[in-house]
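Have a look at the structure below before the remarks.
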C-alpha cells in the first residue's frame, strides 16, 4: 500500500504484525537513558526545550474560570526574572474552560488543548463523545486530547476502538488529535504497543500515555514503547506522529531523561513542541528552579516561583 | 523502512556536553612493585614496564616486571601461607576475610572504576555500573561458601588444592581478578595472580585492599608481567592449579604445558557467539541486545555476540534499527559518563581489529560504521557491522575481539541452529523469540556454556560461566565454579 | 586325544571376536589381528587389531548417534541401561567363563560379573536423577530466571582399564552413556574377550547403533588416535604411564578436549561408582531469560 493511501484511507492495521515487547529489555534501555549525564549548556538547552514542550494542565472538578485564568497567566509569564524563556506549548483544560482560556491567551502564541470524549473514563456513547469534542473545538480548542475506550480495547474490540478514533478525528476538523491510551489501565507493554499502532492508523496526530487520573501515569517504559511504535509507523508510512507523556512528570531531571530517550529513539526531527509534549502541572516550576540554579549557581526554593 | 527521504537524524541538534568523571580523588602511585608475601617489593632483576592510558597514550605508571625468580618467590609465599595460617584457619574465619575484601571494594568503588577506565579504556559507565560492583559481589558471593562446601558436593568431602596460579586478561581486569581469587580463597587455597600487562593497575589496587583487609601475608600474591611471567606461573612445580582466561591459542599451549603434571586447570578461552533473532522476537529489545552483545566493552568480550543471525523476514528492519542505534552510540573519552564505547585497549589490539576490517572488505563483505567522530590520539574503533558475509568469511569465523559484528540472515530454525553451532567455539549464544517452546529448543540445542534468551551479556556471581569445545574447560561463578578449586574425597 | 575319539565327538564352534561399530560387528578394516593366549601359551582367540580408520569410522558413528541419544528421555536411557544389566545377567556364565579363560580365578570372575551387572543397575537408576543433583537455579540479582543444567559433552573416547576384562569397561561406558554421551571404547588389550561379548549384550539391549562403539587393538597404536581426534569432545583414560598421560593431554589440547584421568582406580570397589563419574562427561549450560510481562 502506498504512503498516501495509508494516510487517507485509515486502513485498519494488521495487528498480527505488531512486534512483541519485552518488559525487562525496555526497563534496561530506560535505565541506560537515565545514566546519561546532562550538564552545563546542554542542560540549559534541555530545560528550555522542556518548558516549550509543556502542556500546562489543570483538569480538576473544582476548576473555575478564575483558576484557568491564573493558569493562562502562568503560561504567558513563566518566570519573568529569567530572560529568554520560551512559553509553554499549550494549556490543557476541560471543554467547559476552553472559552475562558481562549480569552485569557488572546494575542499569545499558545495552543489551547482540551480533553474530550467523556474524559477521563471514556464511558459514554460515541455521540456524546463526538459532541464533547465538537464543543471544545467550537469553543476554540485547537488540540483535542481524547481517551480511547479501554474496556473495549481490553475486550478485544479493536475495530470499535479504531472506528471511534477515526470518528473523533473527523469531528476535530483542523484541531490536532491526541489519543490518550491510558496505559496504566492497559496492563502490559504489548498492549501499549498495540494500542499505539491502532491509534496512529486511525489518524492520531499525537499519542499520549495517560489522563493523569490513573496510576501509574506516564512512565519512561511506556513512553519508550510508544516512541518505538511511532518510529515503526514513520518508517512504514512516512507520516510523523507526536508523543505526549502525561502525568507523574514533575521533576526537571526526569523530563531531561525523557528528552534523552526521545533524542536517541526518534532523533532530532521530533525534538520540538510540534512533535513532543509533556502533560504536566508542576513540572514547569521545577524546570524553572533548575534554570535559575544554572544561572545563579544557587539551589532554589519553590517559595520564589509562582504556583500559577 | 528508511529511505533517503524518511531517514532519522541523530545529530545536528541538542548534543550532550562532556560530563567527565572526576579523577582527583584517585590515589594511584606512579610506581608499583610486586605484591608478594603481603608486601610490595621490587622485581628481583629490577625490570619494569609502563602501563599507559589507551585513550591518551600517556603513561600512567611504571610497574615491576616479574621474572621466574619473582614467580618462585610468590609461589613460595603462597605455599607458606597455605601450609600456615590460611590452611589452618577455620573456614568461617576465611569467609570473613573474603567478606571484608568485598566491603572494602564497595567503599572504594568509584576509585576502582576510574582507574579501570584510565588503564583499560573502558567507559566509566561500564566500569562503574558493571565491572566494579560485579567484582565486589563476586567476593561477597564466594565468601559465604567458605564454610558451606560440604553442601556443595553431596557425598563428597571438598578439600583445597594448594596454590592456585592465575593468569587473567585485559578486558575485565578487576572483575577477572575477582572471578579467580574469590572462589580460590573460599575453597581454602592461596593464590598467585598475574594481571595482563596492559591493565595491571586495578589488580594492584586490589592488592592494597587485600593488605588493608589484613589477610595473612602470602595468601594472595599479585605479580605483574607479560606472557613469560604467565608461563613461569603455569610451569612452576609448586603450583597445584592453573586458572587462565585469555585466547584459545594460549589456552592450548597451557593445556599442553600441563600435560603429564597433576595440576588441575580451568580455561576460559575465546568465542564467536551466535546471536539469533527470529521474526517473532521483540525486535526493539533484540536490537538493544545486539548492541549490548557486540559493543559492550568495545567488543573486547570473549562471549560477545559477534555473529548475528537474523531471520530474513525482519532482516531489513533489524539492520536499519541497528544502524539507527549505532548512530546514538558515543565513542570517546572513557571517563566521560556519556561515553558508550571507550578506547581500544592497546595499539596491538587496534591493529588486529583494523586488519579484520580490511579482511572483511577484501572478502566481499559490506562494511558499515557509525558516523561519529573519534579523538585524534588514542586507540579507537567506530562501531562496525558487516553484511553480505557468510560462514566461510574470516570475519565470521575468527574472534576479532572488537566492536565488529558479522551479520547473516537465515530462513529456518534448523538453518540458524546449524550455522550457530558451525564453529570450534562454544562459549555463549543468544536467541530472541517471543515463543517459549522455541526458546527452549534453541537454548538446549546451541552448543555453548551460557545462553541468553531475550537478553545478552548478563553476568552474576551466582551464575556459572564457561565454554564448550574450544572455548574452554570448567566453569567460573556459582556453585559450579567451586569445582575448579577443590579436590573431592570420600 | 585319539583320532578315533575325535571322530565321535562334536566339534565345538569357536567364536570369532569382532569389533562393534555403528551397531554392526565388522572385522577390522585393516584385516590385522593379534592372538590372545592363555597362561600356557595356547591361542584362545584371534583378536581384531583395530586401525585408526576403524576408530575414525567409530567416531563418525558415535557423532551421528549422539544427538538422538541425548534427546532420548532420561527414563528411556535408564531403561536401556537396566536392559543391558538384564541381558548380562542372562549371559553371566559366558562372561565368567571368558574371564576365567583369560586368567582370572573362578571366584574373582564370578564377583566381577556380578559387580558389572550391579554397576549397570546403579547407573540405570541415576539416569533421571543426576540432573537434579547437579543442576541449579541461580539467584541472580537482575530480573532474570537463570538456571544451570548438565548437558552431555558429546562423543567420548574411552581407553578402558587394561587390567580388567569386564568391570572396568562397564564402569566407564555406563556413566558416559547414561548422561547422553556416545562413546568409542578401546577394550583391555590383555583381556579383550568380555568387551566384545559385552558389545553383543549391548546390541541385544535396544542400545541404538553408534551409541557405544567398542574396538579391540593395541594401546601403543590407538591411544594417540583416541586423544587427538578433532571430533571427540573428551577422553577418559584409565591407565598408562605418566608419559602416556602426558601424551594424551598434549594431543587432546589440539581441540581443547576434556581429559579425564581415571588411573589407579579399583573398579570392583563400590567407591568407584558414583555420580561424579557421570558429571565428568557433562558440560554445565547456563540459561538466562527475563522475567516480565
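The first chain written gets the first letter, and so on, giving A, B and C; residue counts start at 1 in each chain.
By definition in this document, a contact is a pair of C-beta atoms (placed from the backbone, for glycine too) under 8 Å apart; a residue touches a chain by one contact, two chains touch by 3 or more.
The structure displayed is predicted, hence computed values, not measured ones.
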item: Taking each chain's C-alpha mean as its centre, the one farthest from chain A; value: C
item: Dominant interface by contact count, named by its two chains; value: B-C
item: Intercentroid distance (Cα basis), chain C paired with chain A, Å; value: 70
item: For chain A paired with chain B, centre-to-centre distance based on mean C-alpha positions, whole Å; value: 43
item: Distance from chain C to chain B - Cα centre to Cα centre, in angstrom; value: 38
item: Two or more partner chains touched - positions in chain A; value: 22, 24-25
item: Contacts with two or more other chains, residues of chain B listed in rising order; value: 454-455
item: Multi-chain contact sites of chain C, meaning residues that touch two or more partners; value: 142, 144, 290
item: Complex contact set, residues of chain A against chain C; value: 22-25, 27, 187-190
item: Of all residues in chain A, those that touch chain B in their complex; value: 19-22, 24-26, 28-29, 35-43, 45-46, 49, 228, 231, 234-235, 238, 259, 263-264, 266-269, 271
item: Contacting residues of chain B [partner chain C, same complex]; value: 137, 154-156, 248, 251-253, 255-256, 258-260, 267, 269, 424, 439, 443-444, 447-455, 458, 460, 462-466, 468-473, 475, 478-480, 488, 490
item: Chain B residues touching chain A - in the complex, by the definition given at the top; value: 1-2, 5-6, 8-19, 125, 129, 280-286, 288-289, 317, 320, 324, 328, 337-338, 434, 454-455
item: Footprint of chain A on chain C - complex, ascending; value: 142-144, 290-293
